[in-house]
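Two complexes follow with chain A in common, the first pairing it with chain B and the second with chain C.
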Partner chain A sequence: MNRTRLSAIARKEFLQIRRDPRSLYLAFILPILLLTLFGYAISFDIRNIRMAVLDQSQSAGSRELIESFESSGYFTIVGRLARVGDADRVLGDGSAKLVLVIPPTFAADLGSGRAAEVQLLLDGSDANTATIAQNYADAIVSRYSTDVILRGRTVTLPVRAESRVWYNETLESRNMIVPGLVAVIMSIIAAMLTALTIAREWERGTMEQLAATPVHRLEVVIGKLIPYVGIGLFDVAVATVLGLTVFRVPLRGDVLLLAVMTLLFLLGALGLGMFISAAMKSQMLATQVAMIATFLPALLLSGFIFSIATMPWVLKALSRVVPARYYVSVTKGIFLKGVGIDVLAVDGIAMVIFAAVGLGLAIRVFHKEIT
Partner chain B sequence: MSGASLLRIREMVKKEFRQLLRDRRTRMVIFVSPLLQLLMFGYAVNTDIRDTATFVVDLDATAPSRRLIDAFVATGYFEVVGRSDRPADLVRALDHGDALVGIEIPRGFARDLTGDGTAVQIVVDGTESNSATIAQGYAQRIVRRFALERAAAAGTVLSGGVDLRTRAWYNPNLESRAYNVPAVIGVLIMLMCLLLTSLAVVRERELGTLDQLMVSPLSPGELMLSKTIPVAIVALFDLAAVSVLAIVWFRIPMVGSPLVLLPAALLYILAALAVGLLISTISRTQQEAFMSMFLFFQPSIILSGFFYPIDSMPRFFRWLTLGNPVRHFLEVVRAVFLKGAGFADLWPQYLSLAVLAVAVLWFAVVRFPKTMAG
Partner chain C sequence: MPGADVVTVRGLTRTFGDFVAVDDVTFSVSAGEVFGFLGPNGAGKTTTIKMLTGLLRPTAGTATVAGRDIAREPAAVKRQIGYMSQLFSLYADLTVGENIELFAGLYGVAGPRLAERRAWVLKMAGLTEHEHRQTGELSLGWKQRLALGCAVLHEPPILFLDEPTSGVDPVSRRSFWDLIYQLAEGGTTVFVSTHYMEEAEYCHRLALMNRGRLIALDRPGRLKRLLDRPLLELKTDDAPRAVAALRAVPGVLDAAMFGRAVHVLASDRDDALAAVPAALAAAGRTCEALEVVEPSLEDVFVALVRREGGARDG
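Moving on, here comes the complex of A and B:
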């Protein structure tokens, strides 16, 4: 590799980027815009679930139970129903996600020491909210039940659970979203930046000119990469500062380690984009392939939202070839867990392999096409 | 529309179709990739909490402590992936992400159980805040039930209380897949429409073929129609293919009628194509079009209710989702698939989709001649 030729290619690419300023602005603005948008908009904290009650008991006990649902903060009571048929209606038109049915015998059972039964009807068509709502409701009823059993007695329960949350003590979903989102946004931006760079030269016919120069293929690929690595690193730096200052996400680990890991990840992701570009030779096709191969896998198979542990083995295996998976684990590890290289070494090695394979493929395909 | 115009459109549509289907790789993108993606994502979008990886540190190692751990495992929510008698190992397991939950039972647990009372430590990994919240709830309940049983066994007469019986409608097992797979269909269709249109016009301009079209007798309106009709047909075909796959492979029941879905799908595809064309007409380079397309696509997924409930967004963003065609279409697919909803239930969604489609299309049509001219 010749330094002069390499820097000449890098400078040419840089000039070309500058000549399309709107794309350059987008490359800088996109991550900031998306992070700001989602930092504010997204919340996994499910609260104020719309709930209706059908209280056929109308007793002190039933009112107390309803009150404990209300005061939990998880539920908002949007309707008090009179007839069983109404439950059908509110779940059907979606005005309530769940209905609590307290039967007429509730007070009598409670007073006689028999187990009183209440019913919870859930709108299962929204399985995500329903599962969480069910969980909250179970907890509320179970606590209420224990209170009722122990009421007026001197006994205390022999054992209790003391639970603690680590890494994200307040269980704030923003803390887990911001580091993961940086990884997802960067994997698509990286591919987006390079996916068109070689295809563009083919479409415009400048590739033949490039081929006629004494530049080596390795120099073309690496030289083209340099400006984009710069843009990518800048993007991550801005996103990190934004996460720390505006969203107050903790950064507990080593910033330097984050920078090194980011560089490794960017090399792999940019190399992948370059490979797509060289293989497709058409900007339209490269766009389609880049989008399909990077964005949705990064969103769904990286462990950002959907836990990899619950996936079937085929997808677990597949997630191993999604670079974002390792980077999500790195950003979460460094931001929230504050772990170091001893824990993240495996992810680091995986990303080194990616960078090598991505760039290697890009250079190979590029060579084959040009000769 | 005159006969000559129809003829021109027909010939142009034929040409566009041929261009679209000529390349083997494009055919793969259009016909194979949606099916593969549905298969992949159908398995990925699983939010059921089962077999949560749990690390156990039992410092007591007595019959009661083992019984408590068995009670955890018996629920099916927790799976013991490691045991140790050193609390440091628990820290390591959570740091490495090998376990999401840690249970620590203190020394003297069995003794204190019959004496002054005791406590077990439950540690959850908060980096997956949803699973953590749910796991925490389960753990609390398991320990409480265990405690009541112990108290009863010790001779305290405890009876009564309240039992909760849960029944879920529309999706009795609360399978997250039944909720998420229909949504994936909507997302894939949007992606396909955007991928096939957002570079269509800007590409002709970059390659210089737009000039040739300008000197042809085609009017801008005719040109737009001939660019959108082939993509609309392809998108409808894809919609049918992935829906069949969802029903046959994932056994997602389709309670409602496909006929209810069809008009919404047409409006949705129209809106998606209009967005794509608009991006294509306002962009100067294909690179810019690619980025603008993403700038639209990513927020439209996140603000659609696909996996972030719209109800828990701040008011401003809830408002914003009303302008998002994906949101309305997802409501329709989910309601048709799971609830068997009909026209009477879904008219607000139809109306919103229609308004959005017309508005964006109008904007694109107004913008288009200017692009051709300049």
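Moving on, here comes the complex of A and C:
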């Protein structure tokens, strides 16, 4: 590899990016836009679930139970119903996700020591929210039951779970999303950026002039990569600063480790884009292939949204060839857990392999032969 | 003037599937020659040039350029040559100066030599005032001169130009050829393809290609003598109809449009001078003038291509 030729290619690519509005938009505007958009839009926290109450008991006990729902913070009471038939209406039109039915016998049963029954009606059309709401409601009801038993007495329960959540103490889903989001966005942006670069040369005919010079294909691929690696590192730096300041995500690990891992990841992702570009030879086709090859896998199979541990084995196996999976694990690990290379070594090795494969494929497929 | 052979081609062949683009071509080019490649579209000129510049691997046959084998050492060949492709292929979004710097970098021209070569190219292309303009904004004539400049930045001994003047206006074409001669006088071997007849006349030697085969190779003056039959020029009121009528006349080997006139290749001069006016009269066409003329390169070219079965479609 010759340094003069390498820097000539890198400089040329840099100048072209600087003058191409589409590349500039992809490189600098889109990542920030996506991060802000998704950072605000995606939230798995379920708060203020709309609920309605049908209180047929109208007793001190029933009011106390309703009060404990309200004060939990998870539920907002949007209606007090008069008839059982109303429950169907509010669940049907979506004005409530859950209806709590307290039967007329509630106070009497409670007073006599019999098991008092209440009914929870849930809107199961959004299964995820329904499950979470049900869990919250169960917890509130059982807590209330404990309070009733313990009223006026002190009894030590045989087993008591004292839970504490580590790494994301308040279980803010934003803390989990933002680091993963950086990884997902960078997989897409990196591949899209380089998907254009070789195809453009074929389309404009400049490849022919380039191919007639003594430049080696290794120099073309590496030289073109240099400015994009710079852009990628810059993007991740900006995203990190945004995450820390705007989204208040903690950064507990080593910034240098994050930078090194980011570099490895970028080499693989940019190499993949370049491979697609060299193989497709058309900007349009390469963009579409790059989008399909990165967007869905990065979103669905990286562990960003869906936990890989609970996936069926086919998807689990598939996720192993999604580079974003390893980078998501790196960003989550470094941002939230503050773990070091000892824990992330496997992800690091996986990314070294991806970098080698991505660049290797790009160099292999990129032939200077003109037909 | 010509020295040792710098390009030798032996049985060079390239196929694309069943299509034989270049078919068993053999020739050589001497140092300092302006070697022309003439032929209709699809004749295999561009494919041959791409093989000689190391852009395309031959299917069969061998060739050496500056003593290097094109199939085994394409990288070494590329260091010894300059190449300018048929279509404008510099970077339109870079400025004139940036294009020069890019190709200087790729050819390893650096330091004081770069400054000197850059000044030379700018002056040669007449772009000294426009160094900071984006290349895409330049006129085609200017673009082609800049492309030529970028191709000779490293002062290669051999220069390959693939239809460098196609689409360029006649004045720019003329000045482009002045540059080619300037380079040739400096000792550069120039290998140029064209489909303009008047440009072909400027070449020291001319290779005629048709359907992938080399059908003639000689100096332009001697190529014209290849036509060993008398050639008549006819002025008539309707040249296309006259051509159709004359092709059926015995003793007329060929009839073709030549500008607004018709050129008739005859087997015998006196027979033709009698038979042509008679045939025209029978067809209801006028015969305003009929005389024997010296064949031009175009006549030779048309006759040879027709003898070889005509040009390829498209």
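We adopt the following convention: the second predicted complex is superposed on the first by the 356 of 371 C-alpha atoms of A that agree within 3 Å, B and C clash if a C-alpha of one lies under 4 Å from a C-alpha of the other, contacts with A are read in each partner's own complex, and residues count from 1 in each chain.
Operating definition for what follows: a contact is a pair of C-beta atoms (placed from the backbone, for glycine too) under 8 Å apart; a residue touches a chain by one contact, two chains touch by 3 or more.
The model shown is predicted, which means the values in this text are computed figures rather than measured ones.
Annotation: superposed three-chain arrangement on chain A; chain B versus chain C shows no clash, the two fitting side by side.
Of the two partner chains, chain B is the only one touched by A:K332; chain C is not.
Judged by the touch definition given at the top, the superposed model places A:N2 against chain C, while chain B stays out of reach. In the superposition on chain A, contact of A:A41 is made with chain B only, not with chain C.
When both complexes are overlaid on chain A, the residue A:M192 reaches chain B alone and has no touch with chain C.
By the touch criterion stated above, A:A139 is placed in contact with chain B alone, chain C being left untouched.
In the superposition on chain A, A:D20 makes contact with both chain B and chain C.
Which of chain B and chain C touches more residues of chain A is settled by the count: it is B.
In the superposition on chain A, A:S72 contacts neither chain B nor chain C. In the superposition on chain A, A:P214 makes contact with chain C only, not with chain B. Superposing the two structures on chain A brings chain B to within 12 Å of chain C, judged by their nearest Cα atoms.
In the three-chain superposition model, chain A touches both chain B and chain C at residues 20, 204. Taken together, the chain A residues at the contact with chain B in this complex read 20, 22-23, 26-27, 30, 33-34, 37-38, 40-50, 65, 91-93, 109-110, 112-132, 134-139, 141-146, 148-150, 153, 155-173, 175-176, 185, 188, 192, 195-196, 200, 203-204, 280, 283-285, 287-292, 295-297, 299-301, 305-307, 309-312, 314-315, 318, 329, 332-333, 336-337, 339, 343.
Looking at the complex, you find that chain C touches chain A at residues 16, 50, 53-57, 75, 78-79, 81, 83-85, 87-94, 98, 101-108, 110, 147, 150.
For chain A in complex with chain C, the residues that touch the partner chain are 2, 4-5, 7-9, 11-12, 15-16, 19-20, 204-216, 368-371. Within the complex formed with chain A, the chain B residues making contact are 23, 25-26, 29, 33, 37, 40-41, 43-53, 68, 94-97, 100, 109, 112-114, 117-134, 136-148, 150-151, 154, 156, 158-176, 178-180, 191, 195-196, 199-200, 203, 206-207, 283-295, 297-299, 301-303, 307-309, 311-314, 317, 320, 334-335, 338-339, 345.
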